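Following this line, the structures themselves.
Each of the two complexes below includes chain A, the first together with chain B, the second together with chain C.
This part shows the complex of A and B:
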């Protein structure tokens, strides 16, 4: 039925590898427990878009030219799905990066109109193109061709990627970013794009699949460091944090140790504690009854407020919560302070 | 002569020696006062000061906010007691800022050195604020910009903690100790995202009816835009609620605030004041 050329074999192999990779990432994401962050829900859309892209990319290989396979309509539909899934993936990628940085639905809602405009334009153009071929078209031999407008189409959708990089860079300058690096995503994309330019094979699809898999690996790292019951970090994170402090990445200024009662349902306490702690701090479960909060930045007047709040929670939940705290002294090194305050060496 | 600590309970005994706008601060965590009493416990003078950088890694300093003495002996006694008291707090430097030349001379005689310079404080009237408020006219205020009256205690405390951790205190050394009721909630404004505050302009009304913006800060992705909208909302409310002659004292304590005041009150300058200091300990 099909003429199988050398380049087609390569493209089918590449697309197949990418599709299998995406199926694997998709299944693992569904099986993985959530960290409860808003970005988690968007991540699934990124994967589904990438999966559709690879499957459509694989399928279209069997229906497009150079000597004509057809049916024509099916080839057009598959190529449309492929192109549109790239646009959709880039759109959701921007939302994912945004929520990973800001974890705020309100911030996103305030920008959504702006973000939606290119998406709506690209959707309309994609539909119009199916009937007119103003962006790309198949000739009589079912050979894929792009018009000059394709360049602008690409520019518009890749603007999402540029905005995502800009936001990441901007955020990173002002805040620490954990378990995420835009470059871990960008390097496979750039590798795939270069491969496609140089060899004319479906390198972008593979590069993109690897990039999404890297996103999955990065977000899974956080799951591995999170305690399922409390939602706070687990003891493995404590060790990593100590290494990071040694490397000078973080400088703790205040450590609070909590001793919680045995055999009680602590879920209420965990929820309340999350509500009173400032944004930039880490709470780590040492064991079932011992937790520690590490705070970075200025501590002036902070413990006064936190003491009141912890006591308020203890009274409200009728729980015997013991706690003590240590504030870093000028002469102490961050590592020395951290190890003494947390009680690890 | 007897020297006493001035507390919230006895502060009103010193009405002639401490201005009401300074006196209202007595009782705050880092504001302290020493009073001198003569025969029949008649007040002879008082000094009120604030401890700066308390509870932090930075060096502790003291700022004298008010000093008045009936005679040289009282001034000397107050100064000695002041030096002893701040030594206990570990202060390494004393500071003051005054427009009163006589007071500057008194401080000089106790070892302070001073320079005359433009005060970081500018005084505008509500009448002058009208042109700022006019900028918001006809524009829809976003729903997430609200009055502090609608803010819960939990939201307020959460925001304060984020301010403290980022070292943003505005004019308030004891920000973490101040209740929401300390501010004029109706004219103070905030921005809210995900039910959390991410920007505020907190305004205090002094007994003299002077309004003082104390904390003006915002976090998050839209912080620059929100700061402007928050300011416009507060300006609108102040213009609505206060007579034109009401004074608003803006202390230009950061480059950001200075930039804003230069923009909205171009040409407005602070008064000439003596800024003095003395090493302690």
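This part shows the complex of A and C:
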């Protein structure tokens, strides 16, 4: 049915490695506990698209020329799936970055119409190409060829990646980004693309698979530092935060300690608390009844507002919520302030 | 003069991608690092050894089955580094599992005397293999041959890897943490990588890539199980 050549073995090796990696990431993502953030469900779509890409990339090696002998239609279908899965992955990656930065569907919906238009165009063009070959095609020897329009096709879909990078860079300037790094995703993609240009082997698929695996590792790290019940950070994060403050990465200015009632359903309180706290803060669960919020940046007048809000929430939920707070003095070092305020050494 | 053939690209791409992936994970591990976590230190050590394996593997594959000055010597050097790393990483894996899942401390040396002796002996045998040829050898044309101790070495490596996974399985049995993924699933990449390397001599080595995948998945997967 098909001959085996060295170059085919090479491409099969590489695509197989990429496919195995994506299958593993997919299984792990399906079975892991969630942080409750909206970005988690979109992340699964990124992985599925990357998985389909690697499997299609592996399958097409056996049917496309010059080694493979078709059938022609199957090669076209597989290549179409491969190209479209790249487009889909980049689209969902953009959504994932948006939701990682702003955990809000409203923010996304406002921009959705704008970003859907190129995606719809790319979908139509991909389907049309199956019958016309206006973007890419197979010649009589089933060798893959690209037309001049492929460049523009690539530009449109990679614009999603460029927008994602821009959004990330903008967000990072204004707020800290704890568990996400665009470079950790971009470097494997650039690496794979460069390898493919230089060697003409399936480097991009593997680079892309590694990039998605890196995303998985980043989000898994976040899950590892998140308490499942409350959705806030856990005690491991507190230890890491202390090290980061020692290294000068963060400078806390206000710490609030909460003592919550035992045996009550606190989910309502947690949701309300998220609504009143500023963006630049971390809330950490010490144990079932003790939580702490660490706030960075300017806190002028903030504690007065928060005190009123916490009182209102406690009354509305009919809960006995005790809290105390500490504001950093100028002469205090961040580490000393943090350790005294939180009560950890 | 050194030259590259088609089959070398798979090695170059796979091994360089493995190293890139591991460097990315090490960077992320250091970015979000807690102090006094010997299990995380052990995990990073595993990854570093994996990089050394990948480098040795690259050197070995690029030089074997080729005739140029010192090709035989370089191939031998590369595969010696690879197999030394392979033996050491399996011992390091067992150590990581014990520290992470059994709470062993480095100061507790009672188990060092026994379980790791075969591994240490095998490490010495790999290092002196250049004189003995008991594990592998190359002829004048840099053609690769397996020695009499090749299969026993693989059996030993499999024992260490299995012992590590048994540690994880026992940890799950003893704890109320949710077992989200069967433990054998984590072993699949390493099994595929090892099987490829064992049954297809001269093919692109999946071993460093498969090992990296197994270890990273086990580490990340079990993080998610602990609340």
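Note that in this section the second predicted complex is superposed on the first by the 343 of 345 C-alpha atoms of A that agree within 3 Å, B and C clash if a C-alpha of one lies under 4 Å from a C-alpha of the other, contacts with A are read in each partner's own complex, and residues count from 1 in each chain.
Convention: a residue touches a chain if its C-beta (ideal position, glycine included) is under 8 Å from a C-beta of that chain, and two chains touch if they have at least 3 such contacts.
Note that the structure is predicted; figures quoted are calculated from it, not measured.
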| Partner chain in contact with A:27 - chain B first, chain C second, else both or neither | second
| message | One more residue to check, A:220. First (chain B), second (chain C), both or neither? | response | second
| query | Is A:276 contacted by the first partner chain B, the second partner chain C, both or neither? | reply | first
| task | Give one of first, second, both or neither to describe whether A:203 is in contact with chain B, with chain C, with both, or with none. | result | second
| message | Going by the contact rule set out at the top, does A:126 touch chain B (first), chain C (second), both, or neither? | response | neither
| Between chain B (first) and chain C (second), which, if any, makes contact with A:187: first, second, both or neither? | second
| request: Report for A:290: first if it touches chain B alone, second if chain C alone, otherwise both or neither. | output: neither
| query | Given the superposition on chain A, which partner contacts more residues in chain A: chain B or chain C? | reply | C
| task | Could you pull out which chain A residues touch chain C in their complex? | result | 6-7, 9-10, 13-14, 17, 20-21, 24, 27-28, 31-33, 178-179, 181, 184, 187-188, 191-192, 195, 199, 201, 203, 206-207, 210, 213-214, 216-218, 220-221, 223-225, 227-229, 234, 236, 239-240, 243
| request: Spell out the residues on chain B that touch chain A in their complex, using ranges where they run on. | output: 53-57, 144, 154, 157-158, 160-162, 164-167, 169, 174-177, 192-194, 220-222
| message | Residue numbers of chain C touching chain A in their complex, please. | response | 5-7, 9-10, 12-14, 16-17, 20-21, 24-25, 27-28, 31-35, 178, 180-181, 185, 188-189, 192, 203-204, 206, 209-210, 213, 216-217, 220-221, 223-227
| Where on chain A is chain B touching in the complex? | 102, 104-107, 110, 275-281, 295-302, 304-306, 309, 328-330
